[in-house]
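Take a look at the structures listed below.
First subunit A sits with subunit B, and in the next complex the same chain sits with subunit C.
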Partner chain A sequence: MTGYVLRRLLQGLGAILGVITVTFILTYIVPVNPAQMIAGPSATPEVVARIGHQLGLDQPLPVRYVHYLWNLVHFDLGRSYAQRTEVSALVATHLPVTLKLMLTGIACELLIGIPIGILSSVAQGSWWDRGFTLFAFVGVSTPQFVVGLVLLYLFAYLVPWFPLGGYGNGALDHYVLPALSVGFAGAGWYARVLRSSLVDVLRQDYVRTARAKGVRPRSQVFRHGLRNAMLPVIALVGLDLGVFMGGVIVVEQVFALPGLGQMMWQAIQVLDIPVIMGGVLMTSIFVVVGNLLADMIYPLLDPRIQYH
Partner chain B sequence: MTDILETPVEAASEASTRPRRRAWWQRLAADRTGMLGFALVVIVVLAALLAPVLAPFDPNQQFNDGLSQYGMPRPPDATYLLGTDLLGRDLLSRILFGARVSLVIGLVANGVAVAIGAAVGIVAGYFRGWLGTVLMRFTDVMTAFPALVLAIALAAILRPSLWIVALVIALVNWVYVARAIYAQVLAIREQQYIEATTALGIPTLGVLLRHILPQLTLSLLVFATLGISTSVLLEASLSYLGVGVQPPTPSWGGIINASQSYLTTAPWLVLFPGLAIILTSVGFNLFGEALRDALDVGGRR
Partner chain C sequence: MKLRMWLLALAIALASAGAAFAANSKVVLTFQNDISTLDPAIGYNWDNWSMIQAIFDGLMTYKPGTTELEPALATSYDISSDGLTYTFTLRQGVTFTDGEPFNAQDVKYSFERMLNPATQSPGVGFYTGIEGAQAFIDGKAQGVSGIEVLSPTQVRFTLTAPDATFLNKLALNFSFVVPPKAVEKWGKDFGHHPVGTGGFSMKEWVPGQRLVLVKNPDYFVPSEPKVDEIEFQFGVDPNVAFLRLQRGEVDILGDGIPSSQFAKVMSDPKLKQLVVSSDQIETSFVSLNTTMKPFDDVGVRQALNMAIDRSQVLRVINNRAGAADQILPPTMPGYNPDFKGFPYDPAKAKQMLADAGYPNGFSSTLYTSNVDPNPRIAQVVQQQLAQIGVKLDIRSLSPSAVIDAAGQGKAPMVWSGGMAWLDDYPDPNDFWWPILGCDSAVPGGWNWARYCNKELDAQGQKADAMVQPSQRDARIALWKDIFTKASQDAPWIPLFNERSYVMHTPRMGGIGFKVAGIYTPVNYKEIEIVGGQ
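And then the complex of A and B:
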């Protein structure tokens, strides 16, 4: 087990290193000179060259790459071109917002998806089941920003239960609609996954035995079925983080939440490369860690799974 | 004598036809939700093809009476069936022409993604070794990128146009195809007829194109259908964020981007393009899933 964990950790680190490399190459092929962006359109070539020198842009790519990695090992993400701050400081202010939105979003996915999955597996083929299937298809087919805007219109404007956007003091009511918007697609999707795995599990011999012993239907589903049927859902939540993260970024934009998405968004407008790099790096760390966690949680829930 | 012979022959021929499963298109045609999806797809395709005929107005023309006396967009009425946008243009016409953008991007982006994914998956799966390892590790790295983040970064760097957006989406989406195809090719290459091609001295390229690729046709067909929905959604999100298809070209995400600050006063500007996105995506999803079930190939994403 320890060996497996170590190997997966190394693989994760490798993936992150790959992400850094690809992003680095991408920022190198930007057709615009960042020094020119900072100096402004009317700056003389000398000024542009001096700024470029200060930023280290005149050095060859491999040197800059090694330099960046070296700083990264020391938890230094570099300095923002556009704002006179460290990128790590920017990340530190924006990260909690994204993290909260992610966690509340995943909570929404599961809190809505699991009951629906259970209901439609128990009532297979009923109108409920068909309705939920349709819901799942509409869920995965609807972009998060459309869900967000519809929720805003309904529950912030028509029925003013929630704020119209923004962050406020970071209270939970600012997160309800955004979390629902990111969680909508996943809720339908995980309901489908749980339904099919629960249908399989409830057909197995040990559940039949439990039924024969006179275990109440509720216990059959919750105590005997659900524990096994949840496994694929847990795995998917971890694996889908890459797609999920994209939704988080868009929804931050809809609700004007000052998270990593907004940070990167502003950075992209002015080609603030260190900030873009920092944002891409942070989000891909989420994805890698999520995949890793999904793998780690698996054996805890199911002792039958052995790793080697 | 004759009637003794006849009966077993008849029985045998009957036995050989009866248990055979219906052909895949018959199974597909019997799938009601799949056919609903197919109907939606047909509607969107027709809307895109016939946009110049169906659209009541020029999608980019600003009408003087398209705005109220306070300069606000007009709600749906008899002239402008779905209302007008912030610049007094006819929303219905813009949505119809927007179908072209969505479909072109969906088809091109996903086509390229499937082609890249198939190529990477086949090469990595057939040759394995260091080449396979490098290719699949690279695929892992690309999976660790949050798709939309990568697409935003690429689109911002490359300056968005219709084809760039399609390319960006393809560069993000090929990884799922590559992984699935890789797994299939690993299994296919162990089969005896592939071994036989080596024994017969058939050149590698011939083996890949004539003996392995045909085995993958059905899977690729399913990817080509299901992936369109993903591509359409990604294009909508990119255009909504302003790094997708640029105005004045009408795109559904772009229309919503331009009018979201008028959400409370002109909700139809978000509602109708939003519905267009959802219906298109639902259509390709339902049809793709039904196709997958009918063709009996596993795996989604």
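And then the complex of A and C:
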């Protein structure tokens, strides 16, 4: 098991390095001179050139790349061009917001998706099932920002239960609607996945045996069925850590949450390369760690799965 | 069980949400983007520009609500007859909000800090006319020889050539005075720990969330500021801010009225009275690269000007602007009310194209920012020019990519929307040297039309040498003549002059909303609470 984890961690590091490299080259290809952005409209070409030199932009790509990696190894993410502050400080203030949104979002997915999945698999083919199927399709196919705006309009403007966006002091009430927005699509997805896997599992021999020996229906589903049927859902949760990083950019924008998404969005607009790089780095770490976590939970749920 | 806990949490959250907003005397503003810095030498954005004006002061400022200059940290000034030296007598008894006294040495220090290349100030270009500034920037001198401290209350600037807008430049943020001690203490992070002599001091700044400014009780203008505290909330979507304003949770929309709500607001008498509109000193234009074929032909450029029905363009932006007929906006001194530009006449435009040797039109490329509504405006231009046979290929890129391509002189046509030239100070020469003068028609320059008319440049220099207040009228008349000739030469297709719309709650008022092209979005020192909620 330890060997497996180490191997996966190394693979993950490789993946992160790859992402960084590609992003670095992309920011180099973009036909924009960050020095010009910093220098502003009234700057003379000499001033632009001087700022470019200070930032090391006049050095060849490989030199800049090695320089960046060297700093990264020393946990130095560089200084933001636009904000004129350390990128690590920016990440430190924005990361907790995104983490909280992610966790509450996943909680929403599970709390909505699992009950629906169970109900529709048990009551297969009923009107309930069809209603839930419809819900799932609507959920999966509605963009998160639309859900967000509709929720905001309904439950913050028309019926002022929740704040109209913003972060406040980070209290939970600011997270309810954003978490629902990111979780809505996932909930539909989870419900569908859980329904089909639970339907499969409940048809298996061991469940029939359980039923034959008189196990109560509730136990059949929860003790015997769900444990096996949850595996694909767990995998999805792990993947979601990565997928969410895409969604939170939009949702954080709609709800004015000062998370990584907002940090990235603002940085991209002004081509603040160090901040973009920092954001991409964090995102890739999320994806790698999420996948790893999902893989490690498998054997705990299903003793048949073992890693070597 | 889990579900029940979730519901309980929900209930608690709901209760706390209700208690969160009690009546409050402070003013709340929202912006979508976090501000980058409050360093006066560096900040150059729509959102932080006037925050810096609230925290810091320069030697000069504008009379509230006007474009009339008056001394701020100075009490008086004297201009030599050759227009080369400016001697300022400074205000006495002024302290920075950290308690340090202000004196002439701080003025010199602040200028040298701003000019120092390590500061990376975008404003350096305004001050290279000070004697010795260029040598200092190039590292050839320890200090700027043209800034002399005569006594603790007197400072003298010497210029290399007369500059009629030098006083305007001393009212720009970049020239604002910073306290040496605090700057040394915070170093590169001074922009996040600003200390000035201004009407407000910074109480709190949580990046990405909020900035709180509180009134400086010792401010040297006793009548300012008129509110005790201003809280800026960041990351607020303009649509959400608009809803919150109607609930009274937000006093002023920093980013203006969202375009999707604009028509609704202006047709609702109750909402409309909460809107203050002001003409910006701005022109949005399509630049025509005069060094490229066929735009090197003035007939072609004039023909394109005639082919555009500007009212169609204005419709795209809900008429949030006035149609432009020349380079200078009507709010800028030097605007020529008798010059009617090139009225819409597609038949004549087609004829002129034929005369210039393009009876079947030609093809070209129009660059535009990809931020809405600019691609839509570019499409209107595309459709209208198609009527006279000019086929445009639209390149919609990020603003920075457009600025880069245009600055390198690679773009035949550029729609300036979203990147347009806003005045730095209300003087016509600010619309000449950086965007139409020969010196700016260089790689990285902002003269996207690559327009270079040596004769008009020479006249401009002549106008800028008229520095005495008594010569002002003659000077403006000369600039008016220059711009009329340049407009006739049509390096641009001027489309419109933007209006800015600020929306506030009924309780807000004051002269601070009259921005005169100087404040963005308002003058924080002059906004006041005039009524109940």
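Here is the rule we use: the second predicted complex is superposed on the first by the 304 of 308 C-alpha atoms of A that agree within 3 Å, B and C clash if a C-alpha of one lies under 4 Å from a C-alpha of the other, contacts with A are read in each partner's own complex, and residues count from 1 in each chain.
Here, contacts are C-beta pairs under 8 Å (C-beta built on N, C-alpha and C of every residue); 3 or more make two chains touch, one makes a residue touch a chain.
Here the structure is a predicted model, which means the values were calculated and not measured.
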- Report clash or fit for the pair subunit B and subunit C bound to subunit A in the combined superposed model. clash
- In the superposed arrangement, does A:29 touch subunit B (first), subunit C (second), both or neither? first
- Message: In the overlaid three-chain picture, which partner chain does A:249 touch, first (subunit B) or second (subunit C), both, or neither?
- Response: first
- Query: Touch check for A:111: first (subunit B), second (subunit C), both, or neither?
  - Reply: second
- Task: Based on the superposed arrangement, let me know which partner A:66 touches: subunit B (first), subunit C (second), both, or neither?
- Result: neither
- Message: With both complexes overlaid on chain A, does A:176 touch subunit B (first), subunit C (second), both or neither?
- Response: second
- Thinking of the overlay built on chain A, is A:162 touched by subunit B (first), by subunit C (second), by both, or by neither? second
- Message: Taking the superposition on A as described, I'd like to know which of subunit B and subunit C A:48 touches: first, second, both or neither.
- Response: second
- Task: State whether A:262 touches subunit B only (first), subunit C only (second), both chains, or neither.
- Result: second
- Message: If we overlay the two complexes on their shared chain A, which of subunit B and subunit C does A:152 touch? Say first, second, both or neither.
- Response: both
- Indicate the residue numbers of subunit A shared between its subunit B interface and its subunit C interface, in ascending order. 30-31, 149, 152-153, 157, 253-254, 271
- Message: Using the touch definition from the top, list the residues of subunit A that touch subunit B in their complex.
- Response: 11, 14-16, 18-19, 22-23, 26-27, 29-31, 133, 137-138, 140-146, 149-150, 152-153, 157, 241-243, 245-247, 249-250, 253-254, 264-265, 268, 271, 276, 279-280, 283-284, 286-288, 291
- Of subunit A, residues touching subunit C in the complex: 30-33, 36-45, 47-48, 50-51, 54, 79, 82-85, 89-90, 93-94, 97, 107, 111, 115, 149, 152-153, 156-157, 160-168, 171-173, 176, 252-258, 262-263, 266, 269-271
- For the subunit C and subunit A complex, residues of the former touching the latter: 2-3, 6, 9-10, 12-14, 16-17, 20, 33-34, 36-37, 39, 42, 44, 117-118, 120, 122-126, 128, 137, 188-189, 191-192, 206-209, 233-237, 239-240, 243-244, 247, 249, 398-401, 403-405, 407, 421, 424, 434, 442-446
- Interface with subunit A, subunit B side, in the complex: residues 33, 137-138, 140-154, 156-157, 159, 229, 233, 236-237, 240-241, 243, 253, 256, 260, 263-264, 267, 270-271, 274, 277-278, 281-282, 285-286
